[in-house]
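My structure is below; once you've seen it, I'll send some questions.
Chains here go by letter, A, B, C, D and E, matching the order in which they are written, and residues are numbered from 1 within each.
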Amino acid sequence: LGGSGGGDDEVHFITDYYNDSWEPLWGDLESEFEDETDTSLNIEEGGMSGTQEGRLAQLIQAGEPPDANTSTFDQVADIWETGQLETVNDVVSSIEEVNGEINTEAFLGEGDDIYQIPHGLYVSNFQYRADIYEQLGLDEPETFQDVLDNAQVIDESDEVDARGYGLAGMPTGKSQDEFLVLLSSAGVSGIGLRWSDPDAREELEVYFPEEEVTMVLQYMKDLAEYSPDPTSIGWAESLSQWVQGQYAQCYHLNAWPVGVTALTAEAQDNDALRGLAEATQVRAYPTWGEIDKDDNWLSAPAPDGYHVFSNGTNTAGAKEWFEWLYADSMERTVSFYEADPGRFLPTYSDVLGSDAFQNQDIFQAHPHLLEKLEYCQNEIWGNHYGSVDEANISSPESLYMQRQWFYGEMVNRVVTESMTIQEAYEWGRGELEDAFAAAQEQFG
Amino acid sequence: MSQSEPPGGVFGLSYDDETRVIELLKLLSTAIIVLVGAWPIYWLTQLAFTDYETVEDAITYFPTPGIFTLDNFTVLTDPEMYTYMFNTVVVAIGTIVTVVIVSLIAGYGLARLEFPHKENFARILLVGYLFSPIVIGIPLYQIWRSIGLLGTRVGLIIALSAISMPFAVWLMWKYIMTIPEAHEEAAWVDGASRWRSFRDVVVPQCRPAIIAAALFAFALAWNDFTFAQILLPSTDTTTFAPGILRAMGQAQFLPDAYLMAVSLAMTLPPLLFAYFMQSYLLKGFQVRAL
Amino acid sequence: MASETGESIRPRRTYIPWDELPVERETVAGFGTVLPVVVLYTLIAVFPIVFAFWASLHDIHTLNPEWEWVGLANYAEVLNISTFWGSLWRGVVYMVGSTLIQLAVGLWMALVLNRITRGQKLLTAVVFTAYLIPTIIVSLVALRVFDPLGGVFQMYGAEWFGLWGAQEAPLGSRDWAMRLLILVGSWKFAVFVTIFTLAQLRAIPDRFYEAAKVCGANRWQMFRDITLPRLMGIVLVVVLLRSVFMFNKFDIIWQLTQGGPGNATTTLPVLAYKTVYTDQAYGLANAISIVMFLFLLASAIVYFKLFNPSEEVETTT
Amino acid sequence: MTAIEIRNLTKVYEESGNDIVAVDDVDLTIEDGEFVTLVGPSGCGKTTTLRCVAGLNKPTSGTIRFGDRDVTDTPVQERNIALLFQDIALYPHMSVQENMAYGLKITGFSREERMARVREAAKLLQITDQLEKMPADLSGGQQQRVALGRSLVRDPEVFLFDEPMSDLDAKLKAELRPVVEKVTDEIGCPTLYVTHDQEEAMTMSDRVAVINDGELEQVAPPKEVYDEPSSQFVSQFIGQPSTQFFEGTVRAVNGTAELVVGNYEYDLAREGLEGWAGDDVRVGLRPQYITVSDDPETGIPATHLLDEPLGDATHSFFETEFGEIVVVTDPDFEGGGEEYGLVFQSESIQLFDDDSGVRIA
Amino acid sequence: MTAIEIRNLTKVYEESGNDIVAVDDVDLTIEDGEFVTLVGPSGCGKTTTLRCVAGLNKPTSGTIRFGDRDVTDTPVQERNIALLFQDIALYPHMSVQENMAYGLKITGFSREERMARVREAAKLLQITDQLEKMPADLSGGQQQRVALGRSLVRDPEVFLFDEPMSDLDAKLKAELRPVVEKVTDEIGCPTLYVTHDQEEAMTMSDRVAVINDGELEQVAPPKEVYDEPSSQFVSQFIGQPSTQFFEGTVRAVNGTAELVVGNYEYDLAREGLEGWAGDDVRVGLRPQYITVSDDPETGIPATHLLDEPLGDATHSFFETEFGEIVVVTDPDFEGGGEEYGLVFQSESIQLFDDDSGVRIA
């Protein structure tokens, strides 16, 4: 590589792995890497959902895409489909040598080509406040109805301030995710598609059964009664509201709320928050009444990681950067999970069990957090995902469907009562069919 | 008196009673304006001085000694926050200066020089305001990149100046028309060149219009979110509005009281501006006709 | 014409053959003075609008650099988007509602501020500040006070007036979201009207009122026959500007409700934004913007034809 | 029948702490149909007096009566007055016709009646062909006619003018003066006319009220004010060019009084000088009453400075031992910078108290 | 030595298509040190002429020379003129001193020199104690003095005035006139003074140039313009009150000419009337040359209308068969609405061509 540095040769990297702890970490890594390799880096904060896409759009339309970015794979499906991504098999394999094999079957590319350098996985689950449960004598819920009943008890109790449930109703990522997971937990393919022939696995068809969908929507609408304003809850808000103790139950990912609470507790040296982190329990999301966990259509956790653009100005530099980041040592790899504890399950099989990982300061202070992560990996992922074989519909079309936002919109319309459940269902079905037709046209 | 007696005040009141009623209404209105107009500013001020945990928990109306604190303002010492505010100040000043200079010159040209189509000029400029800036992110990004100003504060200053411009030019044009041409002619007679007379005679007299245009530019620059977001992507050059949003997204926990403290800091300069400049400002806005 | 005697007094400047140019020297100077404005304007308005129009003729996936020519198909689609007409209607409601409130409140504040004697300067400054502070601050405060958890207005509305339930979020309520958006927007921007009308009020000489008093006019007649006609010109201009700005308003809506709940506060700018970043349809979004632009242009022309704000009576004070 | 009676009118303004006595204990009665001019230098309290009469200012003390009605506390709207301003105050957004009809409209007259009255007034003022125009399209003189018309149509009880012509040039003034007199005659109500222009005061009034520094100095018919000023101030203020003043002493000689100015002695065959023998007095003489003699030995030696020929007279400026002296000379006079003698016409000499400025003889 | 020579000056404005001839072929020379007043009614082209001389307007045709320098195309900055405007044009943001020194600053004088010159000029104009004030704090007369001072310090080659006093009142005007004369004398350059006030023109000038509708009517010393106007326009424009005109006929009687106005005959012992026998002429007579007789049988019968006493004279208005006639009468005259006879002083009668208005005799 030319050591000219700066200008067009720099590696432009946009990331939403960005918070108070990531920021200094990136800063250190950046200068270290630049010193070692003479390649200059430009790390840009991507911002939460919406802003990063906006930024990407600008850069791509301007003909100068970044060299790399972070996101879940479905969010770059369009970019991938139009051939703008670079395969990263070589990088991934050198990382695997240090950190262990990739432990997911999620869609990272077609055939032997991998287009994502994975960082972590998102396992969906249910979280609740054990202290409140105890105070009110509640039991762990098994079904949707239990969740709802608990929510009502909590909400109506004068003893606790917290609301019964934190339901995401902002028409963006979290409400969409929550809806899809609930649908799976009701025994229906989350994305509204299924193989027309489960054995052949060649062709997808729309599958959006009215009974289940309206039931899930009704459930969300009922939950909204016990939730703070759902329309103001998305990923970021849900975390800060959890820290503020605004509700006692919610849908979430891995041990993210525990991690954020623990981190805040340490930063502020606050015992009440430590208690809250301790009291936050994680378990698989309850199912619809008669659905057994083996009928759960959850297939694979969502993979999050890095993508390298084939038409960036310094693709090679980007690859070098990620290799340097992850394939250097387990210690360095672990430091990335440290910055955002509880948010990700490592995608590499050796990481979670490694000493480096387990010895992080935050886990010393909050052994509970490590426990929860392990629980996510072993119990929830292990026992609740992939139970239904045909639920794995990984394909370009399903990827495309992942980033259609109409599910979130549908939830929003229901909880805000802009539509009756029936209307919302029909509207959503219409959108689904349109989107599927578009997906088939694009990928078929 | 005879039939020529006037019919009296509003609602058949006598003129004196009418005056009394109006005085009463005026008092009442003042009270409402104080309440409604000053209330949000009061509210953010009092929250900024209240202990952040209390703010999260309860509705308080005044930072009584028990909950009063200055700690919220420590957020201002946060290097990022500080950078955002510093950038905003730089951009605001830069925008004001650019707008004032460019609009003065253009306003002078329109007011004093004869050239074709100048009557339509300002109206065409105002058409630009009809276009919603929502989708212009991509073209703007491309233009600014191609002129090499992307990511620089100068680039943002130019963009903000450009959107303030139609209004500022119009204002300056109409204002300069109210200054007697004789003043410049007197300077020419004294031997001053056109440029010199502009500088020595016109500009000093334009003070109210300059302040009015500056205010308009300031309001835009201080408020701007869209352009800063597009043109200043990196953290060290970003300005307040996108910066605070970024900070809110980044820190999973940023108490409202901190936000209010930052907001208060951003509210003070406009307040001072409005307090000390209002008489000039109002004079500047007295120009009429589009 | 060369003057033999005067020539030596001053050094000659570089020779510019003004007299041989096809245009007058003053014309050149005149265009020179507005050149910077023209350049800036081209950068910020002409080019983006042309670009938007050009883009609107293509099918563009936001994250795909390839553009596909589709002619006017996007425009046909705009009119078919299920939410287009609703958004247009809400945009008009928002524009008209907030402009009317701003006009009424702004005018009223100006009249009061013009007359009060004590504390005038401070109150004026405070009121003006509303216009000068960043929208995001207004949004933050609004979000704070309408928050069901600890929001003081939420509490008043719920407990004093029973407008909404104790746990209900007014900004997330179909009934209230638009009304509150209009109110919050009006709070910030009514001052714009106040600034202009207050300036005009200050310019009305007392003698007009005295002359009317001598004729026996009461307060209302003086307002109707002197104040209002004097303000009419600027009011027409301000109403035009405010309507345009409010119709294009995006930030405050996005920050407070993201166009929700449902689509209850989705106006055209919000729709265009969602079309870009949620639907990734950049070409279509540009078509929406162009339609908005044409809508405003047509409205502005009609407005000019009806009221002609530029034709107001020229007055000398 | 109405008369304006101003009794003990005092008006004190408070400005940043200290009091300004704008009008000081003024007494003035204007009979019905009488035209009284209030004249005085700038800032002497003319406008303030007039505004108190109009009801636009509230007197600090004193009363104002219109006929037998005490209007001191009556709001201006109920006084039924007409008022003309210096800055004309036509409503710029109304046509001439609407301007003139505005008062009638307020009072509730029907459209026809309004039009009829306006047309009548317009005829009198010779602005019939201007009725459709906007005020901005009229010249200053025409605007003032419209303002007059606006008052005229309303048939007021009292007519007040505040320097209505001070923005007009000499020709227009001369033209408008008879119009104003015609209009006030027509209405036949008491008129108070404020001006700082002594010529206007002299030419238009039944009586002139000279005011100085808030106090009335003299109220009398024009000729009397000119010929028999009651004080030095009045003498100087009325008449053009101004009366010139010298220091003098009264001496009693053979039972009559003799005046000494510098080295010159003047016999004054006047009464009322008995008590003044030996006192210093101020001597006033109008430039019209000085004769220029070709012989420098006659009278006061003077060097000619400058002539201002007016056509029917010349104002000539001379340098003398008493400073510069102006003399009204023949239209044909041309001094040419020569030496002359100035002779005072002693019967026209006015004497004033040196301290108080009050007229002695 | 500079003189202003204006040759064949014509200025045409184009306004929305049609041409306005503001100045029409004007020829005028102003000698060094001479004070020439350009006088005429509003809109007659005075300002335009002056602005052409100043270089603020470009003549359509014609040349302007300062001495032997042709300045027709010289920019105003290089003409070295002084110019006083009607709207006084002091820079409101500079103090009096800065205003006066501005021209010197431009020219590059040192601070000390500037101050010295300003102080000298201020002394001459008696505004030394005003130097620190801002223009807004000065009265109109003081402002115009400052403007004068601004020109004075620069020692210009040519002095131009455009109605500098038209916003001042009569007293101030009279006071300022000698100051202006003193200043222009001091500088000693040619002065062109524009005014519409004939009194100003008469009193200040060495020569008066009367302009009407863009054309020069007469250029002559003040007395000549008053006594021997070359046209009806000049006769009417110069002198206050204005000359009054009547229709008349010339009749030849016994070899001399006789004038008939209505039923009245006047012997005119004049030359130059030979060719006019039997023709209609316009008869002009100044109000100063009419005598009022108590006997209505003497002269023209007249009904007294109105007196305007001025103190040293009275303007009396009479209704006659020829319409309203103004007569300048004695200060003591009081008509009282009675009947009188008006006698024309036939030696002062002026005759003009009925069509062209040119003076006949």
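Basically, a contact is a pair of C-beta atoms (placed from the backbone, for glycine too) under 8 Å apart; a residue touches a chain by one contact, two chains touch by 3 or more.
In UniProt terms, the chains line up like this: B = Carbohydrate ABC transporter permease; C = Sugar ABC transporter permease; D, E = ABC-type D-xylose/L-arabinose transporter.
Computed from a predicted model, the values in this text were never measured in an experiment.
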Item to check | Chain whose mean Cα position lies farthest from chain E | outcome: A
Checklist entry - Which chains share more C-beta contacts than any other pair? => result B-C
Item to check | Distance-to-centre winner among chains (Cα means, whole assembly as reference) | outcome: B
Checklist outcome for this item: Separation of the C-alpha centres, chain A versus chain B, in whole Å, is 42
Checklist entry - Any idea how many Å lie between the Cα centroids of chain B and chain D? => result 52
Checklist entry - So how far apart, in whole Å, are chain B and chain C when each is placed at the average of its C-alpha atoms? => result 13
Checklist entry - How far is the middle of chain C from the middle of chain E, if each middle is the mean of its Cα atoms, in Å? => result 56
Checklist outcome for this item: Among all residues of chain D, those touching at least two other chains are 75, 77-78, 80, 106-107
Item to check | chain C, residues touching no fewer than two other chains | outcome: 216, 218, 276, 282, 314-315
Checklist outcome for this item: Among all residues of chain B, those touching at least two other chains are 6-7, 9, 15, 19, 56, 138, 142, 245
Checklist outcome for this item: As the complex stands, chain C meets chain B at residues 24, 26-27, 29-34, 36-37, 40-41, 43-49, 51-52, 55, 108-109, 112-113, 115-116, 121-138, 140-142, 144-145, 150-152, 155, 187, 195-196, 198-200, 202-203, 216, 218-220, 233-234, 237, 241, 244-245, 247-248, 250-251, 268-269, 272-273, 276, 282, 285-286, 288-289, 292-293, 296-297, 300, 309-310, 312, 314-315
Checklist outcome for this item: Within their complex, chain B touches chain C through residues 6-10, 15, 18-19, 22, 26, 29-30, 33-34, 36-38, 40-41, 43-44, 47, 55-59, 102-103, 105-106, 108-110, 113-116, 118, 121, 125, 127-136, 138-140, 142-143, 147, 158-159, 161-163, 165-166, 169, 215, 218-219, 222-223, 225-226, 240-241, 244-245, 256, 259-260, 263, 266-267, 270-271, 273-275, 278, 281-286, 288-290
Checklist entry - Which residues, counting only chain C, touch chain D once they are in their complex? => result 205, 207-208, 210-218, 221, 225-226, 229-230, 232, 313-316
Item to check | chain B-facing residues of chain E, complex | outcome: 54, 56, 75-78, 80-83, 85, 87, 89, 91-93, 102-103, 106-107, 150, 154
Item to check | chain B-facing residues of chain D, complex | outcome: 75, 77-78, 80, 106-108, 155
